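There are structures below to look over.
Look at the two complexes coming up: chain A is in both, with chain B in one and chain C in the other.
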Partner chain A sequence: LFLAAPPKEPVLMCRSNNYPKGFYCSWHLPTPTYIPNIFNISVIHGTREMVCEKDAFPKNRCHIRYLQLFSTVKYKVTLTVTNALGKNSTSLTFDEFAIVKPDPPESVVAKPVPSNPRRLEVSWQNPSSWPDPESFPLKFFLRYRPLILDQWQHVELSDGTSHTITDAYAGKEYIIQVAAKDNDIGTWSDWSVAVHATPWTEEPKHLTTEAQLTETTSSSTSSFMPPPTTKICDKGAVVGSGAVAVCWTAGLVVAAYGVLFI
Partner chain B sequence: GDSWGIFTFLCAALCQLPALPALNCTEELGTSQSIQKTYDLTRYLEHQLRTLAGTYLNYLGPPFNEPDFNPPRLARAERVPSATVDLDLWRGLTDNARLAANYRAYSRLLCYLRALDGQAATADLRHRLGHFCSSLQGLVLSIAGVMSSLGYPLPVGPVGPPTGPPSSLVVAPNDFLKKMDDFWLLKELQTWLWRSAKDFNRLKKKVPPAVVTLRLEARGF
Partner chain C sequence: MAAADSPSVALRRRDLCSRGIRLAGKMRSDVVDLLDVYVERQGLDASASVAIVEGVPVAAAERWDEQTGTQRLLENLAAYRAFRILLAQMLEEQREQLGEADAALGQSLAAVLLQVSAFTYHLEELLQLESHGPSSEEGPSPPLSPHLSLFERKLRGLGVLRELAQWAVRSARDLRQLTKSSSSSSSAPSPAESP
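For the complex of A and B:
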């Protein structure tokens, strides 16, 4: 026997995974009410009220198309939930640029490179939900580690959908993931599905030398935070020659340690 | 009337950018590199602006420094061309139009920022604004350089807003409205910097180095 309840404050999330087409909002109740609830969503942009079209699936989701790009005025989304016992609401206010978060890269493939015991070739594709990678290019973040170790290595790539790892430990199975982000705005996607690969070996797997392993495990750990955490430097960091290093991210520290390993 | 009438007049009079010196660096800097440099500058400025805007909005005080502050746009004359644009229109812009829009916008924005700098109450703000204005001027010149190397004429005429007889200063400016103007100026600047990254991304793709060489030869450079 369950007790019917008025709705608690709903949880609302809005995101643009298909910039510049538009964005979607999805919601849910933190605790069940055990009776039917009606959700009403309103989107206001400046003085204009926009219609958020409900999706057939999944439920509790609606999408909206941008009428204009590069807007200075924020969007305000208000969600109201009502049932027989009461109502509750929540709202979000955001800039067009702040909610951009692509879906993870797709079709991640990692392969050994023949005759190269320390290399792995990784390739992937832009998420299919991203409508215009030509005009709105994505940049990528690759992370990889041998299964036997906990510490990830990271590479940020501003161009292209492939990368060759050149410092893999011979004969060790690796786990690899990729994340995507609009080149200039928004936040990193979630990590892609993980792929596994082992570098080419001439014979059946041989043990890595004790020296290699101790060198790895005794290295000091840098305080690296995974890219999906929004960092002020992500938006400002410029990749490419002649770029001005405007900030120092922990990722650069790890890259420096990575260089020491090679 | 308000003091903004004075400022707009002053901007029109003072903000005539000097004629661009002949670019002899096209031999060293291909156009695609100039575009890349301009793109990098917009990213740098966007980052700088975050600190500057944070400081300035704190100086203005609440509600301007509240993160959810979302005021309606008052029906005052648009001082700066807005970055906001219809998607298809933006996509269809010619390279010339795209560059010219950026050039005009930043020239105007630079002008207004300089005016802001002139009135800033604290030395810290003046220092920050001054530094930002220098960088912004660098961006304007960089855009002009790209336009010049592609053979596009710089937008003519005063880069300030349309002139008119300066309004009298008899009525003291409304302090709140003045702060609102400052708020929108910074917002417009921020949005333009976001947009420019996309504009220059597009230009980067459309101007490969090989094409530039051909164009230069055709013009007998």
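For the complex of A and C:
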């Protein structure tokens, strides 16, 4: 059994992820009322009242087209919620530039660079919701760290949609993310989906003859003799948040080569 | 433009645009810093609304994306010529009001005035390239503010700096639009010259 309640002050948010086309506002109630609610939104710019067109989905959102750009006049958005038991409202006042926040970059890809054990090549695309990146270019913030460490490295990039990391720890799997911001105004996007990649490593050298195998077995306490069919999977590009798959057709790898990892 | 530009003209335009974009970015950054100092030194509320004052160029534009290159340059040029005069007025008022007590504010105002002058020159050069002739004479000066009270002059100054900050953003966008349209027109074949 739920008790119907009048609405509490709604939570309202406005953002432009498609500047300079327009912006959207979305809202929700902090606690349910358990009865139907009606939401009304008004948008005022100076003396002008603007129409906020409700989205079909989600229902708690509407969008406004900019009629003017570069205005110093603030926007005031008021949301009123009404139900059978009462009414409540909230307002937001903001500058045109302050609410500009792009969506995260898309299609982030990280690849090892052949013969370069400390490099990773990262590329991405502008968010598809950003309508005109040529006239309204984005800048980017890249962060990366090896999975085994908590500290992120950061790089800010004002040009282009790719970057080569040159200080990766050899052999360590990395997690990489990118964020975007309009070059001149607004705030940073959320971080992109994380991608994982491991820098290129040299293939381990194999012992090729049985005679060599017999000689060394008696003198060393640990040595690895992969069978001739050992393969290392191509450490290619990984897109998305899955880990890089390194596949071996041999069994155990014993680190007896004296290859040092940091 | 009816015909594609010569490569040297296109190169010059691109060069002026890219330097102009950098200058606009620096100018905006300095104006934003100056705004903080100005508000503090003049004892104003940073969130105070300032009514549109006569003579202060308003950056707000409707149908901005539909403007031609020449329109953009003309509006920018008119605005920055006005800002040059307004900032000079502010500098003089600030010196009279505060004298040497606030040299830092005076220096910041002077630095921004210099950038505005440099940007005006850039725009004049670009307009010469666009219209293939010298840029037009300066329009009427913004009205002086002899009858404004001290507080009103402070608010006017706030309005000037806010609009200048908006203009700096708009100018960078305008110059990028110019670069974009210049790239597309330079790939068009030139018509044969008439005898």
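Quick notes on this one:
Note that in this section the second predicted complex is superposed on the first by the 203 of 262 C-alpha atoms of A that agree within 3 Å, B and C clash if a C-alpha of one lies under 4 Å from a C-alpha of the other, contacts with A are read in each partner's own complex, and residues count from 1 in each chain.
Just so we're on the same page, a contact is a pair of C-beta atoms (placed from the backbone, for glycine too) under 8 Å apart; a residue touches a chain by one contact, two chains touch by 3 or more.
On a predicted model such as this, the values are computed, not experimentally measured, just so you know.
When the two complexes are overlaid, the chain among chain B and chain C that reaches more residues of chain A is B. Contact with chain B, but none with chain C, is seen for A:Thr47 once the two complexes are overlaid on the shared chain.
When both complexes are overlaid on chain A, the residue A:Ala4 reaches neither chain B nor chain C. Once chain A of one complex is fitted onto chain A of the other, the partner contacts of A:Val73 extend to both chain B and chain C. When the shared chain is aligned, chain B and chain C each come close enough to touch A:Ile185. In the superposed pair of complexes, A:Met13 makes contact with neither chain B nor chain C.
In the superposed model, A:Phe97 lies in contact with both chain B and chain C.
In the superposition on chain A, contact is made by A:Pro137 with both chain B and chain C. Contacts of A:Val109 after superposition on the shared chain: neither chain B nor chain C is touched.
Taken together, the two structures place residues 20, 67-74, 97, 134-137, 183-185 of chain A in contact with chain B in one case and with chain C in the other. Chain contact summary for the complex, chain A toward chain B: residues 20, 46-47, 66-74, 76, 93, 97, 134-137, 183-185, 232, 235-236, 238, 240, 242-244, 246-247. Of all the residues in chain A, the ones that touch chain C in their complex are 20, 67-74, 97, 134-137, 183-185.
Of all the residues in chain C, the ones that touch chain A in their complex are 25, 28, 49-50, 58-62, 64-65, 162-163, 166-167, 169-170, 172-173, 176-177, 180. Residues of chain B touching chain A in their complex: 36-37, 40, 43-44, 46-48, 50, 68, 70, 72-73, 82-87, 90-91, 184, 187-188, 190-192, 194-195, 197-198, 201-202, 205.
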